[in-house]
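Chain IDs A, B, C, D, E and F follow the sequence of writing; residue 1 opens each chain.
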């Protein structure tokens, strides 16, 4: 099992969700995040004092999948989230040892879906 | 006589209907002082409506555009007052014989008219020249504020401000002078009756709002594959604060439009205004509950405003019962209009400005022709409303007024928007719209530190 | 005479105490105009209290229920005005000989009474019929609004709205007519004195609030293993806005209850009202600082309101010094009452409505019997307060009034709640309460996009 | 004569300029009633400014300190009213021959003066003793509120409250009495003219604010390696609500300072006040757009207030055109002052209180000496402003007044802060400042449940 | 060492914390999350336009534990968070390579507790 | 590749970012978190009822790095975030299997930076 973490542009959340659904991945968790990468920040100024903002708004998705789904999932995210401009985001894939469904106590591959 | 027909009618009405306002009492210093004080209190109440608009509009839009909306609303007050001082007042109340399409009393303000010695002689001794200016000036910005809500979340700041300057300095006062400045609408045999501005304020703003959103197009993501998507406003408390403050201000907007502290008329206006608003709430709630299954707060807030806009033209000539009917119909209309404009016409108006101010402004203007009943009220000697046996005369005048204002305002606003679009661009860039106008136009955020999803 | 005993007392008082209000001056047109204008301004100020309640109540509850609270508050204004127009006004001011328990002037509003020709003849020429209706009508909804805060975050919307209709249309005006409409309480030898409504507005609301929370039971998670758990409100700025607006509105609530613009009385009322509020802030701050170690803003906000509620009954008959004492005691009482009701009685009242409106409403009513000092003030010829050598006569009447209202209101509210509970259910389902009434009852959120923990 | 020179000047001015206010009319009961009603409405409007300050200050600071700021603002209203009742009123309006530096009318309030029989005799029959107290009392707290914004986010609550008590009870009324209570500044040959308090309210607060921030030092993280860092406020809607409410209240602050409902003067004051605010918005927008590239909402909000503070001293003696100039200059000054004080002087004033209230308060006071033009306006027989050919007499008096107030207020505030610092500490501990004063001082949060980054 | 990630219903946070405490696990980190799973969403409507909300409010807990604590921790969470209805949540267990305590610089098993 | 998760005191974010930048690590993602550890909570009280708050405000950083950067990154964080008082925070290091750059589709070590 894998845990896939994806950082995407906030406005892409809807289309990524749609793409994942099409790929048969319907479960995920989402949090609000700030990201700093190649994308240049912008300047804000408040009461005349300049401030460089380089933590930009991103959405963080966390998706646990069975191994055979991993690639599909990554592909779906990339396809839906890509605009080709800097700031599109990153995907990280990590090993997942175990998974439990709280409601039933099921574990492993059964629990994930 | 500054107000031409308008003022004459009013004076006639008073003379007939109340023993309170006999010719020489009018000119008493105590009377002047009471009337003038009430007009000033009203001006302050109208002023606070700008805060109402600011919070309502920002509440019904997204957090990433809040600074921009507040900025527009603060600027508009400034634009409204300054342009009104420069030329608006002179355009709107040009004096002269009346019946005009366009006339001009001159630039700036007139110290001589404002001098204390002139106080009792000005406008029948009901209020001073300065009071006249400040009360009318507070109204001036309202039209542009209405537009601001409709074009929110995508319009370029500088272009919008320029539009506001032009529209408030020129179109608003010219159109207003047709009815309030003794112009051709007031001079008709059965004079056009728009008590406090269903037409001259609300629909003037509403037509420009309509033109604006048509030229601009919908916000990104509002229509997807031909289907309307909701873009929820970010703060219902702000929206509710806005509506309550607007109602509060409306006591001055309508109450002050009596142009004196006449006890019967001002209190009648308070009653009709409040009952129409209450009825608008009740019926919009029912409509929303039925149509949307669950009662939608934003619809009920609009319903309250709908009742207020609807009663603005007829507030002084209808019975409290008719006021309830007028407000109730407005409350139904506004919910259906929002749904129709958003989902059928596919015109994206984030705060429902066209439904509230345009549709209900027209409704209120027409309602005068249906319900006007001064004889029944004891405040005049004729019942001019169709439903009160007054025939269609008033109604026809009202329709002519609605049409003339529609044509003038929609066309002129459309042209101004198109020209400005060609010259300097009307809409912000896509990236800016996505990130929010607060950062794009102002380089700052509304809610620093707060975690907010900006997935829309 | 519309106001029975109430009005007679007042008139007597004026006649004695001020040379300002001599019989024929009263009827002067200028006088009418000033008085009427002040009453209308007061009505507008009372109106804005509904915004104060709306923001205070939503600020002191959780973000997930904010739409629901705002919705209730907007609806209640509508319900209050419409039912008052239909039957409330007629029930509350039935005219007649007075001394009644229940009387009715008739349905709806009366165009003839509102006619301009009637203005000088109505109510001593102090204000018009329309003013009378709108000023009293603005009060009407307040009682239900008080209940709204107490039952917040768990009450079913439709049931609550129905309760409000019944309570505001029937119970509120009947009870009010006992004192203000010339009923039996006003007709006692020493007439019941409730200047602006410590009893007839605040405790009438407070008793229903108490009945409501008892029938409803506490919010989920409020009491765990017999211990009270805090459920913090989601926005202290909203709560503070609410309190400031309420105080602002109270200038009209109390100031307008003079029922004329009498210079001495209205200004005295401004002073006593403000000093009581200031004292309530000071002592609630001290009490909170001592009892809770750190000064709690929500307590101080309640303390301010406590002072205001406390001074509402005696505002026109006590000295500024007595006003400070009354407010100071209210500020202490309210903090202790909140703690006692929440932790000892285990009655869950999210906004402290019972402590503020009920407990301090009773206190204020009793305070009249202790501090009434019209002779000392020069506004009357008797000092009726116990502490001013007036004996216990006034105090006894006040206690009788408190008891009668308590019985009637608590019992009737309890019965109405129970019956409605049996018929349509009073409380939302557990899952809905957990997720928030905004989604459950309205299908929308207050703060779209904001990240909010809803672990409670 | 209670108001010494001040009142005499005013009376003279009226007598000359308006036929309205002839000697015996003044004493008419209707006149008293109108004037008094307007003064009370004004008092209510001034009251609501405290809400304006509360929301403005909390909007421009961080979410973690919001409870603390609201708490200070609620407390200050209480402190202001109670100390004014105890000794402030007696210090500020001591009566006597005038020309004094320090005089005292006595403790507490005076029932005899407030008695109805005294109403027509008090202060020329323009308002009652109670009205006088409540109107002036509402001003009293303002000075401390101004300080509150500047020292926000780091000052210890108990110390600040104690400072406020001392400053409001003693320094504010003594300084105020120099001009308004018939003291030495009013008694100069060309009397010092501070219509509604550019100096006696705003700069009195501003000097103390300056002393406070100097003693306190900047907030943690505000200056890093000698460079200023922005610490953005957490809610622009709250800030905007604050500014609109302040403007709204200013209609009473300035309008009520006419001390009667004189039609010409009150309406002129409405016009000059509004136009100055509008001009302040326009020029601060332009300045901010040019200097900062993008228009900064917080600067424009300050610009609006700058215009209002600037016009406060000259509002009744300048033409509308001059009002626009005064406001426009204030709008430019305030932006530059904020930048200069923050980045060059490295004085950390979170809400810009010194720039708005001190710098523009001084500017407004000087502007009287430049633009005073009562003859031109027809409200007096002299144009005293330098630019209107009135010579430098008025200007010199104004500068003396500015200097005297500067010295007294800055020094006394500095000393009080230093002494309190030594005795009980003025600043919270570092850990508390980092976590926020809401938790440290009050043990509660402003926005329970909301996810907020507190990285600053 | 393991890193345990749990998504639970928001209102269960208190009892899960209590259960963990009872199991001797006193350290954890919590974030606000939105989740999408078997649990059906609900419909909101705004100004008459319907909107399906299927990202539901969840709380995300992150708990680093020594291996011997892993099972206990999972059990405690399951026991306290289970209501038996859909939406109860998931637990993911991942390998944790290293852990540092910033204050002392300690590493490994000592640092975790 | 490693995924480094750090919980730090909120007010240390600026200096940690600076330190990472100095160490050549310019990419990261940040979320708001609440933490519970050795640091004692504090008491709030609301309307007279006491409430113990032991979930304290923290900032969570997530940094994906190539193996050779891992140690440097951890050191930089520790140096910048340490105050020596309880509550300074924790760092967790986890194995990262794969990394994708959405914009280009690059994977692995190239994608991370």
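Going forward, contacts are C-beta pairs under 8 Å (C-beta built on N, C-alpha and C of every residue); 3 or more make two chains touch, one makes a residue touch a chain.
Please read all numbers here as calculations on a predicted model, not as lab measurements.
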Shortest chain-hopping distance from chain A out to chain C: 2
A-D compared against A-F, more contacting pairs: A-F
Length of the line joining the C-alpha centres of chain B and chain D, rounded to whole Å: 33
Whole-Å gap separating chain B and chain F, where each centre is the average of the chain's CA atoms: 53
For chain A, residues that touch 2 or more chains besides their own: 31-32, 44-46, 94-95
Multi-partner residues of chain C (at least 2 other chains): 30, 34, 37, 41, 232-233, 235, 241, 292-294, 296, 298, 443-445, 450-456
Complete list of chain pairs which touch one another: A-B, A-D, A-E, A-F, B-C, B-D, B-E, C-D, C-E, C-F, D-F, E-F
Residues of chain E defined as touching chain C within the complex: 10-11, 13-14, 32, 42-46, 57, 59
Residue ranges of chain B touching chain D (in the complex, touch as defined): 29-30, 32-34, 36-37, 40-41, 43-44, 47-48, 50-51, 54-55, 58, 66-67, 70-71, 73-75, 77-82, 85, 108-109, 111-112, 114-117, 119-120, 127-131, 133-134, 137-138, 157, 235, 238, 241, 441-451
Residue ranges of chain C touching chain F (in the complex, touch as defined): 228-233, 288, 291-294, 296, 298-299, 335, 338-339, 342-343, 352, 451
Chain B-touching residues of chain E, taken from the complex the two chains share: 32, 44-51
Chain E contact footprint on chain A (complex, rising order): 3, 17, 26-32, 62, 64, 94-103, 105, 111-112
